[in-house]
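Here the chain labels run A, B, C and D in written order, and each chain numbers its own residues starting at 1.
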Amino acid sequence: MKKILNDPFSYVDDMLAGLCAAHPDMYRVAGDGRVVARADAPVAGKVGIVSGGGSGHLPIFTGYVGKGLLDACAIGDVFASPSVDQMADAIRVANGGAGVLRLYGNYGGDVMNFDMAGDMVEMEDIATTTVLLADDVASAPRAEREKRRGVAGMVYAFKIAGAAAEAGKDLEEVTRIAQKAADSCVSMGAALTPCTVPQAGKPTFTIGEDEMEMGMGIHGEPGVWRGKMRTADEIAGELMDNLLADQPLVAGDRVSVLVNSLGATPPEELYILYRIVQQRLDAAGAAIVMPLVGRYATSMEMAGVSFTICKLDDELEGCLKAPASCAFWQVG
Amino acid sequence: MALTTATLKAAYRKLEGGIGTYFDELNSADGKLGDGDLGITLTRASRGIHEVVDDLPEDVGQAFLKSAQAVTKAASSSFGTLMATGLMACAKATRGRTEVPWSEVSGLLDQVLAAMKARGKTDVGMKTVLDPLAACAEATRGLDDPAALMAAADRAITETMDAFRDKPAQVGRARIFGEKSQGLDDPGMLAFRRIVDVLKT
Amino acid sequence: MKKILNDPFSYVDDMLAGLCAAHPDMYRVAGDGRVVARADAPVAGKVGIVSGGGSGHLPIFTGYVGKGLLDACAIGDVFASPSVDQMADAIRVANGGAGVLRLYGNYGGDVMNFDMAGDMVEMEDIATTTVLLADDVASAPRAEREKRRGVAGMVYAFKIAGAAAEAGKDLEEVTRIAQKAADSCVSMGAALTPCTVPQAGKPTFTIGEDEMEMGMGIHGEPGVWRGKMRTADEIAGELMDNLLADQPLVAGDRVSVLVNSLGATPPEELYILYRIVQQRLDAAGAAIVMPLVGRYATSMEMAGVSFTICKLDDELEGCLKAPASCAFWQVG
Amino acid sequence: MALTTATLKAAYRKLEGGIGTYFDELNSADGKLGDGDLGITLTRASRGIHEVVDDLPEDVGQAFLKSAQAVTKAASSSFGTLMATGLMACAKATRGRTEVPWSEVSGLLDQVLAAMKARGKTDVGMKTVLDPLAACAEATRGLDDPAALMAAADRAITETMDAFRDKPAQVGRARIFGEKSQGLDDPGMLAFRRIVDVLKT
């Protein structure tokens, strides 16, 4: 796979420069250049929400900085954690005086760094809380749920927590709702091709021309099985089997569902998969609310797909449908 | 004789000169069970320290603090953050002193271990860098000669790695490889091994 | 490159089924199944706008059916023209009694078929007009402009014409504005990898691991040169050179610009390119209005990029900024 | 003797049986200068006609009309649309008759050519299927024996293709290949050649 870039070591900085140049009304750079904040951050009196993680997943994480979403985001190199200082800067710029929720994916390095960053800003009297996304059902059994990786469920958590903060709720409430959103999401993916981390210069893994890997993580972490390519309906069926076994649904349940491309897989193929998603949810008697089909959480040019089911109650559904806008997504 | 900022400077310079030898080995060990960046992490950490090494103050505690900050900035992967956490623990324990007796090394390692456990939210026995570290703290207890300390640490690491090699990983990225990790050294342990290999030359 | 599908021959029908299932409030299938119409089409008294062409370019063409955009679209197999009957059906379902504009890309087969479809519906007293997009500067010199291929400039033409129709203008006015929009767009692209047409089962062309092709068309039509991969800044510079030579800008001009991924190229890399686009437009003294960066006109999983510059006057700018919404794009 | 619906049916069936031989050749000729679907187009067109061939009415005009509609539905590529356009022109010229004298073939070809020119917004001399068609219209002028007609058409096509081979393409997808198209037959001419090859056996 070929990449359009200048120097692999300036990939992320060049990207951020372009992002802020294209959308100055949305984004601005803060801290040492590796923090992106809402153009109007901090919003006085509003609970701030920050996220952070490696680059290469646009729109996640950086892209979701915006009204009704994140206030700031710390950005590492491609697939690498940002530094403690960058995370602390993100927290500072997000702080409108009502405290800051750290909302991000469960990856060891990110967790240690965000904890350390929290220790740092505590000395500056910024109250912080943490909610981790651990939605990838392929990465640990439900009994060890807290060990799961965080993947595309973040999209729902950002949206829902962002709406709660925008509505003026306090840090404790925003944190409670964010945790409920995180707990309501289950995800699983399948990868068809690797991607290339610019600084590494070669694909993150190799896989046969006729092979796929079920359950693979968004950085190429191992999945459940690797084998021959299956048909779209088989892939969709297996992903839905796993998700519904992990988080059973009953008639009358309301869910949103995200059919997400990891990058290269075109929307045409997401819609082919969506048919089965809808059939299975219909069969379970669940109603689909605001389905999302597209590229929401990616691994650069990796081909593959992930499904996320977010089970809703009235509170979550209200937050999901509330207005929000960033350069990559607009609701309402 | 005692540990001073000069000792620290010499160690950092040795590390910077020698760790490159293991760049590929560490990346590929981490690549088998993680994201393949552990060689990069050590190189970045030692480059980060390079920026400050000439200016490290006489106060050993301040010297540790400055190096901890440098590592935090330069290497934000799990191992880098754990290193920075350990250096920070040393900083706290040696604050305000220009000489630290060698006999305190074992106790310092205890502090380092405790800080890393808290940061990593994990314990010894899970097949991580914490295990050889705990073994070194034990093995160096009561020693106050640098050469003897080094020899004891060296042995302790080898024994710990042998003891853990065939167990499955339980923490970090390696955990999800489960049985595949049996028979393979934990990358963080290997990194610790290589740091000591460089320092002992 | 691997594709997620069932039967290559059902690729388009499966895709349309999923598209309409996911967005029943937006899209509905009409005619023999290969026409997608606004859920509320025809809109009585409004000029209808139809487009059509091969599949595999989402969001183009089908995706841009929506309020303030297209009323209906005829969809062929991947990269193949729809049939005359399908085009005639699209015109019929778009007809709210005020006539229908056919707005599509300049490809021989599509032109002949849309002309024939126009002859058919003429017997049914539906007035039709035609505006062709011919914006690809790499496909013919400006002196033979009418021979150029239509590429991503369609996005601007759909948006602007759609706003004019939504505003209640008559067929003649909508056609005039659409033609002005089409004439204001210049585009050029570069491809890094081919894509695979499902029914063909193999890549549309081959290209070396370290090669790119400048000026290639969105179906793999030949470009200006093929050679070694260039840096992002070189690629952006060359595309801008060509576009600005073809349609010079002077200080005070207002333009919108579309930095478009052909599919696999991730937004990270589009933003890296955007820096140079902005620098060059700044240097020309032109003001950038509503820049678009993303996947607007694609070739499935092809890696590559295209730039489109749309030169605005007050009328075009007003139409560009008017509200519009479809499943892939929301303005206002 | 005259052209009837029975003549048409026989020709369509022959085409359906024989055109598959040239599937790959036509796809690859079109692949060199276009999108590589010309074999597919002819196969789809003949499959479309297959659906209606048994039910073609005695009225030759109506029979042409039905086949034009079938081709329109089945083959929407440029060549398919041009074929449908030509069949539609024949339908107009023969409406209401059950027999069309062979001597009218040349005149029919004139009508076909005129309709295609209008539809394709182009003229003869641009290296397209129109050129051999125009040559056939000329070469068959005054002839009224099917065998003689076929022989004259056959010769005219060969001559036209030889005459145009080294010229650059000026219309359709092939145009953008410019000089690369010199030395290569126009795919549409070749398709016409192969249709006649099948019919003359």
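The working rule: a contact is a pair of C-beta atoms (placed from the backbone, for glycine too) under 8 Å apart; a residue touches a chain by one contact, two chains touch by 3 or more.
Fair warning: this is a prediction, and the values are worked out from it, not measured in the lab.
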Excluding chain A, groups that stay connected where the other chains sit: B | C, D
item	value
Chain A and chain D, separation of their C-alpha mean positions in angstrom	57
Distance between the centres, which are taken as Cα means, of chain D and chain B, whole angstrom	80
Chain centre separation in whole Å, for chain C relative to chain A (CA means)	29
Mean-CA-position distance for chain D and chain C (Å)	32
Residue numbers of chain D (touch at least two other chains)	none
Set of chain A residues in contact with two or more other chains	none
Category of the chain touch graph - line, ring, star, complete, other	line
Inter-chain touch pairs (all)	A-B, A-C, C-D
Chain A residues within the chain B interface of the complex	76, 79-86, 108-109, 111-113, 115-116, 139-140, 147, 149, 200, 217, 219-222
Chain A contact footprint on chain B (complex, rising order)	35-37, 72-74, 76-78, 81-82, 84-85, 119-121, 171-173, 175-177, 180
Touching residues on chain A, where the partner in the complex is chain C	1-6, 11, 14-19, 21-23, 55-56, 58-59, 63, 192-193, 209, 212, 229, 231-233, 235, 259, 263-275, 278, 291, 293-295, 298, 300-301, 303, 305, 327-328, 330
